[in-house]
Each structure stands twice: as structure tokens, then as C-alpha cells.
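The next part holds the structures, each set out as C-alpha cells.
Two complexes, one shared chain (chain A), two partners (chain B, chain C).
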Partner chain A sequence: MVDIVFGIGITALTGALATIAGAAEDTESNIGSQGDPNSQVQLAPQMGFMHRIFNKAVAGEPPAYGLWCALGAGLAWAFMAMYPNPVLAIVLGSVLAVIVQGVYATTAYLGRTASLAKFGQPVYVDILKSMTTVTMAHAFIAIFGTVALCQLINGALEHPFPLPLLGLIWGVTLGAAGSATGNPYYGKERQYQNQKFGAGVPISASGNIVRYAEAGERNSLDNGWFTAKIGGAASGLCFGLIVFLELWRTILFEKSFDGWGAVIVGILVILIFTIIDRYIEVWARKNYGPYSEIKEASS
Partner chain B sequence: MSAVAAKPQAGGAINPGAMAVGIVLLIILLGIAYVVSPGIGLMALIGVIIGGVLIGFGVHFVPVGGAPAAMGQAPGIATGVAMLAAGAGLAGLFGGAWAAEQGLEMAVVTGAIGGGMMMAITCMMVNFVYVFGMGIPAASGKVAKDPITGDTQAEYKSQGTEGHGLPFVSFVGGVIGGILGGAGGTLIYIELLELYKTTLPGVMKVTSAQAEPIAVSVAGIFAIALFLVNAVLTAYNITGTIEGPHDPKFKRWPRAIVASAVASALCGLVAILIVVM
Partner chain C sequence: MSVKVEVIEGGVPHSKILIAGFVGTLVCLYLTYLNVLTTHTGMFAFFGGLAAVIALIWGSHTIKVLCSYGIGTGVPSAGMIAFGSGTIAFLFATKFGDAAPIVAVVLAAVVGFILGWVSNNVLNMRIPAMVQALTEMAVVGALTLMGFAALMTGGFTFTGLTSVSVGTTMGTNTFLGGCLIAVAFLLGAIAIQHPFNACLGPGWKQDRMLMLTAECGFLSMIVAAIMSYALVDHVSATISLIVALVGWVYTYKEYIVLSRRDAAAWLDSKPIPEVEGH
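Up next, the complex of A and B:
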């Protein structure tokens, strides 16, 4: 078993890498418009609202990132077998995985947008040129962070799974955490900025996404800029907490209580997050109040 | 009755004939395993089936709102059923695999807690974003009162929506789903790992030490694959979105249990046949 201080240091580093990866993943998926909110980007032209938003729902974020991180980790693993330089291997693996992501993004945008031709939605070549590279840059950060933390888990913390398998596992988890946390903020708060704050989007408003910016038409870079402030940060925090706490409880408490220490600490962590969640729920009910109070008073 | 005319059935819709066919198939697959490998192979298959059933049952607890949740139009987590469950279960599998050396019970419980932790953090962050990022309180669209806290729900639903965020019962459902998924995935991994550790040295004519990394990798790949099979299968049973254990769709779980058992048995048999034939 690795030295405990060394283990804590690696745990902190992996937590930091996961936080950066989570934030980059959500921002990438928002600039590329991947995940559930993209249903509105696809729907808008069908409702008569043409737009200049990128449209690349390659797949759900978890399988997409599972693929890209497994690819990056697999290639890095192969490079490490040839040359003993992990940093260079991870960079090269991530670059090659990002090229695949770029190919998927390009074909997804062209294919999905071309399918809307009958509704009059044009394919904007300038959007393709300017957005694709930005999503690729963010995807590189997300993939590099995830592959690097997998290498630390495998190489330094001696997890039994090989690097590509860890890449798949943490890639899927990265996508799950990023889409769960970040999607509502992009889907409701940014795409439907024209709707009331503090309420869900009425189903009747579906497809009427905001298409104009302060100057000119809104594009996906504006969306990335907006969502990075809360959705991206929250996604990073979510994935960072998952990775950090999973490793932390194992490294520090694996030997305690006849091996049950990590389990007990895990249960305590779940209880703490349950209490925090309940506090948030009650706080919202008290401070925001019910929606139907006014209606009840007038009736 | 045409598909258009048929009314959607949220709850029951259990087909006894199909269930019986599924159970017969399950017995046939177990019989094949008994014939080809009556000892360790059969035990591994039983473990895989139990693990698959745990995953299939667990996915029903996970509150998933899909695309409508991303616009605050429906409660739940704004992603796909199968993918969120896979994320939680694989996080659990990661922890369980690490504890594999400490025995089956320890590994399965560690995996379960890992899955539960992932879901607890994710569900809390979902409500964090809804409340502090978007100013929207949690409200269920399926029940008048939260079955755990007793909080009324209808007046906290904003106009024109079916609810939003994660009411407490959905949070608890998510954690239970993560726990069951993590336990199921880890159980599958441990059972297959034991099988491969025992059989691979003979099959490949290598030492146990040489076979171990291969056993770990192949068992890990099969565990992930079986997880995805069961999660996707259950997603079809749920048909889109589910709020958690209080959702009427939750009552569909019996048919998912049978389907998961048959699918896990078939996939598990393939995983066994590659080393025992």
C-alpha cells in the first residue's frame, strides 16, 4: 500500500484535475450544444425560429466522454509502452482523442443541421469553423484532465484496472456528472433567457429559444461564456467532489475498523450530502415561496 | 388496437405469458451453464444474474427527467436513464474493484457505497443549481405530497410545467439506485474475476501472476458491458423519464427484473464460455 501522505497528495491532485475536467466538459458540451438541451436547438427551426447555435448531439454526454476518455487513455497507455514519458503520452493520447471528437462534432453539425433544410435552417460554414475548434479545445482540457487522473489512480494509487478501462469508467462518470449538473443551467437559464427567472419553461414555449445577443445574433460562444460562470463551475465541483471523496475515503480509512472504515466514512458522506440537499430544498421553499399563492388569493 | 389508439399504461402492464417465457429461458441458460461448468461456472453465472437484477431494479429508483428536466419542465436529473445509472454504477464498480482483495462482502458493500456517494453528490448539485443558479424550488409532478417529508408539491410547480428539481423522495431514490447499481456491478466483477483467475492460467498456459492482469481487465470489461446492457434494458422499461420510487412507472419493475435476469444470464454465459469451453 502506498504511503498515506503520498496518497493524500495524489488524491488532492486528482480532485483538482477532476474539477477542471468537469468544468471544461460542461462548457464544451454547452458550446457544442450536446446533451438534452440540444433538443431545443433541433426543435427551434421546426417551430420557425432559425438560429446560429452549434448543433452537435453526437450522443449523450456520458457515452461520448466514455469513448473519448477511453480512446485518450488507451492511446496514452500504448505510447507509454513505447516511450517512458507519461506526460507526453497523455498529451498525445488526448490530442488524438480530440481529433476524433472534432470529426464527430463536424459531421454531427453538418448532418443534424442539413436535416433541418426543409424548415429553412441554413448550414453556417463560419459557425462550423469558429465553434468546432473551441469545442475541441475544451474537450482537450476535459480529456487530458480525466486521462491524467486515471494515470495517477492507476500508476500512483495502484488501482487494479488498466488505464483504458479507467478512462472509460471515469469518462462515463464525467459525462454523467457534467450533464446532470450543467444541463439545466444551459437548457433553462441560457436558452430560455426570455422566460421568467425562477420558474421552469412552460411547455408551450418549447422551441422559442433566445436567438439574438446584445449585438447581432447569438452563437454558441456566447452560451459557453454564460454557462461557464455557474453551470461549468458547478459541474466541475460535482465531478471533483465525486473523484476526491471516493479516493479520500479509500486512501485514509481503508485500514480502519478492520477494513470497514472506508464504508463507514462513505455512509457518513452520503448522510452529510443528504442533509445539505434537504437544507437547500427547505431553504428554497421558504425563500421563494409557492407559485400558486397569488392565484389562490384572487380566486 | 393500433399503437396510436392504445392508451399509455404508467403502472402495471405486466404480461404473464412473456414473464413465463423469460423464466423458462432463464432456466435453460442456467441448465447450459450447469452442463458446461457445474461448479465455478454455474456459481459465477448465478452471481452475474443477481448482479444484473440488482442493476435493473436499481435503475428504477434513479430520478431521470431527460430533456424536459433540462428546461425545468419536469422533475428529475437532466440526462438519460441508462447513462446516469451507468455513471453511478461504474463509480461504484471502481471502488468495489479496489476492495476486491478484501473479500466479496467488503467489495460489494464498498461498490454500493461508491455508487450511492456519486448519486448523493450529483443529486445535491442538481438541486444546488436549480435553487441557487436558477431560483427554482423542487416540486414533484406525480404526487401531491412528498412520501418521506410530507411536503406539499402542487403549489411549488411553476405554471405550464410538470414540476422541476429533485424533491427529497427523488434524492433518496437516486441514492438507493446508486447503491443497488454499485453493488450489482461489483458483484458481477468479483464473480467473473474469481472465474477468470481460476481458469485463465490453464486456458492460456501461463502462471497465475501472468494471468491476473488479463483476468482483471476481462472481468472489468464484462462488468461494464453487463452494466450497460441492464441499464439500457431498464431504460426501455421506464420509457423516457421517471421521478423515482413514488412514480407510477416504478410499478413496472417486475418485468424489468425478469428481462434483466435473462439478459444477464445470456451475456454471463458468453463470459463463462470463453474460458470453460
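Up next, the complex of A and C:
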């Protein structure tokens, strides 16, 4: 058992790292059109809408980030087994994991685009070069933040799980947080700015994503720039809260009732969030819905 | 009632890939046994990585066969179930010493068959390829994990995976104790599903997809070889790393060549092409 003040300090630090990692993760996945928005980017050329949007569909974000973070953590673990220098090990592990992420991103873009040859969608080499490097940079921040918080949990808070397993668990959580929180902002709003706000995606507008920017043609860097402001921050807040509350309840209540105290507080936190979510949903429906009339969407 | 949305046109038939993958993987796994025969070196650990690559090639084609039917989930889920069911068989089989790969195959086939039967008959998915595909994928998952384990530790027995090999000082630094199996699990699960997930569509080509699988396999082998520095001696790990790097560079170049062959156009800093009606 670690000292409570020390434990809360580490908890705050991991929460901060998680917030940064979450924000970077969402921006990365939006630049790569990963997760929720991917199907529309994939569909667009089939509906006749050629685009210059980057499309790296490696997997859903939770399994993909599960791999990147578990890999970063596994490599860091291996380096630490040889030379006890955690900072260097985590940095090197994250760098190597990011290289794997970058290679996967390039093969995903090339594969998807080549399979759409029938519809005339070209491969843009400049998109491949400029977008991949930007996603790698964001992914590095996300992986480094997550592996570092895993090392804090393992090393400072004396969690019994080895670093690679913590990397897997928190990597999947990171991907899930970014996928659930940040992605709808890109997939429902940014991709469909040409539709009425809040109208969802009518079938007739499927694949008709926004392909032209304020000046010139839109690429995925514009999407990353746009979603970093709200979607990224919301994802960061989400992942940061998950990590912080998880560790907070463990540090403070693990001694009560033979460890059941932490479980009870965990259930209470879930209940409180459920009530807040329900309140927000009802409030939003009262203020913004239902739609008064159904209009034909134009493409 | 499921609808088959794509068919395999041309290329190598699945049965050939199945047999070649099965035999190749087992042969490579047993070649790592040279480590034991030649007075306990780890120099033949790289055969474990090659076993994983071959198994992945076979498995990714199985995913193509299965996902040609509308299975109702994304392609990545196929990779997860392959390795989820394979892990059980792999861990259990490691207790059987030299017979581990054979036991893994049998046990994984049983687990996969049950899962396939449950999917088709209890969940009523009624997909013709389901039972065979899930059986194959469980075997692929178990053998790939065994390949990565042999690559990282030099052997595939439970003792080898839980005890310290060469060059380390800490007792928890083992494949299972350090939970490197979690990394091997995801390396394999993503590598097996990515090729079909990335190459699906009307322009799917078998050679391009299989080349991508080999590329993903060698890429996973590179990082696994780097992790193996903590578990086997440096000479063995370096041999594995060099083999992986050579394989990766070749397959990555070939994959780009094949993508360029299949792409509609290969443009650099060009605007969106004009299409009639839009």
C-alpha cells in the first residue's frame, strides 16, 4: 500500500497524461478517417465522389490502439529488462510502436484505394506522405502518454499486472474513449457540413462527404485541425476522467471492506454518470427535437 | 440467411493455401527445436517468426473466405476470435513438451469447431463457411502465438515460456510472466485481419492481399525480434531481426508495386479528377 498523498499525486499525473493522450488519439484517428467516419470515406468514390481524404482503416480504434500501446509497453518492458532506464525505454518503445503504426497506415491507404480502382479513385502520393507523418506524430503522443501512465501505475502504484498487459488494457480503453467521444463529431458533423445541422445522414446523401475546403480541396489535415478543437478535447477529457476516477477510487477506498469499498464506489460513479447522461439526453431532446417535418435531402 | 457478396476469382484455391500453410507452419515450428538439439543455442528462434508469417498468410485467406459472406460484424472481429480461441489451445499445449504444436492444432480445431457449430446452430447464423473457417482460424491463432513464443524465447514449451533464458537477471522476465503474450496476441490479431480489411472492395486481388499479409507478418516479426533481446542471447535475437528486416523490406516493396499495378491512378499533388454528373 502506497502513501495516500503520494498515490493521489500519481493519480493526478496519470489523469493529466491520459487527457493529453486522449486528445492526440482522437485527432490522429480523425486525420486517418479511422473508426466511425471511415465507412463514408470508403463509400464516397463508389457514389461518384472522388476525394483527397486520407483513409487508413487498420481496425477499429480500440483494437488498433490496443496493439500500439501494448506494443509500446512490451518494447519498453523489454528495454527495461535489459537496462533499467524507464524514461529512455518508454520513449524508444513508443517510437518503434509508432513506426509500426505508420507502416500499417500506409498499407491500409494503398490497399483500400487500389481496391476502389473500378470507380476511378486515384492514389495520392502527397496525401500518403503528408498525412501518415502527421498521424504518426499524434500517435506518438497518444502511445507515449498511455505507456507512461501504465508505467506509473505499475511502478509507482505497485499494480500487480506487468507493463504489456496494462498497455493492452489502457490502449483498448484509449481507443474506445476516442472512438465513442470524438469520432461522431467528425463523422456526423464535419463530414456532413453540407447537410442541415443535426439532420443525421440521409441515405440519399450517403458518400456525399464534404470534399472541398474554404479554399481548394479539403484533405484530412483540415479535418484534424477542425476536430482538435472540440472532438479531441472531449476525448481527452473522457479518457482522463476514466483513468483518474479509476485510480482515485482504488487509492482511496481499496482498504475499506476488504477491497469491496473500491468496487462499491466504482458502481456509484457509474450510477452518477448514468443519471447525468440521461439528464443531458432528455434536456437535448426537449430543446432540439423531434424534427418538425421530413425534408428531402439534396446532394 | 446470409448472402455471399463476393467470390474468389482466379488465384490459388483456398485448399492449396490451407495445406501449404498448415505444413509450412508446423515444419518451421519444429525447426526451432534445433535450438534444443544443438546444445541449447537460440540461433534457430527465427524459424518461429517464419512459422507465424506462414500461419498468418493462411489465416488471412481464411478470413477472406469467411468474410465473403455478410457475417454481420467487421473484419477485425475475425482476428480477435482467431486469437481468443487460439490462446486457450496454445497455453494448454505448451505443457506437452515436444508434442506441443500437434496438441495445439488438435485442441484449437476442437475449440474452433465448437465455436463454429454454436455460431451456426445456436445463434442461427447459417453461414456455410463458418464451421470450417472458425476451426482453421483457431488453429492459425494457436500456431501463430506459438511461433511468436518460439521467436521470443527460443522454444515453445511451458518451462521455456515461464523460466529465464539467457542474458537476464530478473525472475519475472519471461514470456508469460512479463505478459508478452498480450503483445503477441494483438500483433497476430491485427496482422491477420488487416490484409483483407485493407484490400477488400471490388478491386480485391489475391496476390496483393497475401503480399500484404506477409508484410504484416514480417513487420510483427521485427518488433517481436527486438523484444526477444530481453529473453534470448543477443546473437540469436540479431539473426531473427535481420531475417525479419530482409523479409519486411522485400514484401513492403512488392506490396507497393502491386498497389501501383491495381490503382486507378498514381498521382502526386494533383486535384480531384472531374467525374460526370458531380
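We take it that the second predicted complex is superposed on the first by the 287 of 299 C-alpha atoms of A that agree within 3 Å, B and C clash if a C-alpha of one lies under 4 Å from a C-alpha of the other, contacts with A are read in each partner's own complex, and residues count from 1 in each chain.
Just so it is clear, a residue touches a chain if its C-beta (ideal position, glycine included) is under 8 Å from a C-beta of that chain, and two chains touch if they have at least 3 such contacts.
Computed from a prediction, not measured in an experiment: that's the story for all the values here.
Looking at the superposition, the partner that touches the larger set of chain A residues, chain B or chain C, turns out to be B.
Shared-chain residue A:277: touches chain B; no touch with chain C.
Within the superposed three-chain model, A:35 lies in touch with chain B and out of touch with chain C [touch as defined at top]. Shared-chain residue A:189: touches chain B; no touch with chain C. In the superposition on chain A, A:234 makes contact with chain B only, not with chain C. Once chain A of one complex is fitted onto chain A of the other, the partner contacts of A:111 are limited to chain C, with no touch recorded for chain B. Once the two complexes are laid over each other on the shared chain, residue contacts for A:3 go to neither chain B nor chain C.
In the superposition on chain A, contact is made by A:60 with both chain B and chain C. In the superposition on chain A, A:165 contacts both chain B and chain C. When both complexes are overlaid on chain A, the residue A:77 reaches chain C alone and has no touch with chain B. In the superposition on chain A, the residues of chain A contacting both chain B and chain C are 60, 63, 161-162, 165, 168. Listed in rising order, the residues of chain B touching chain A in the complex are 66-73, 77-80, 83-84, 86-88, 90-91, 93-95, 97-100, 102, 106, 109-110, 113-114, 116-118, 120-138, 149, 151, 154-168, 171-172, 175, 213, 216-217, 220-221, 224. Against chain A, in their complex, chain C makes its touches with residues 74, 76, 79-80, 167-168, 170, 172-173, 177-180, 182-183, 185-187, 189-190, 193-195, 197-205, 208-209, 212, 215-216, 219-220, 223, 226-231, 252, 255-256, 258-260, 262-273, 275, 277-278. Within the complex formed with chain B, the residues of chain A that make contact are 35-37, 39-40, 60-63, 159-162, 165-166, 168-170, 172-173, 175-177, 179-189, 191-192, 196-206, 230-231, 234-235, 237-238, 241-242, 245-246, 249-250, 254, 259-260, 262-263, 266-267, 269-270, 273-274, 276-278, 280-281, 283-285, 288, 290-293, 296. Of all the residues in chain A, the ones that touch chain C in their complex are 42, 48-52, 57-60, 63-64, 66-67, 70-71, 73-75, 77-79, 81-82, 96-97, 100, 103-104, 107-108, 110-126, 161-165, 167-168, 211, 217.
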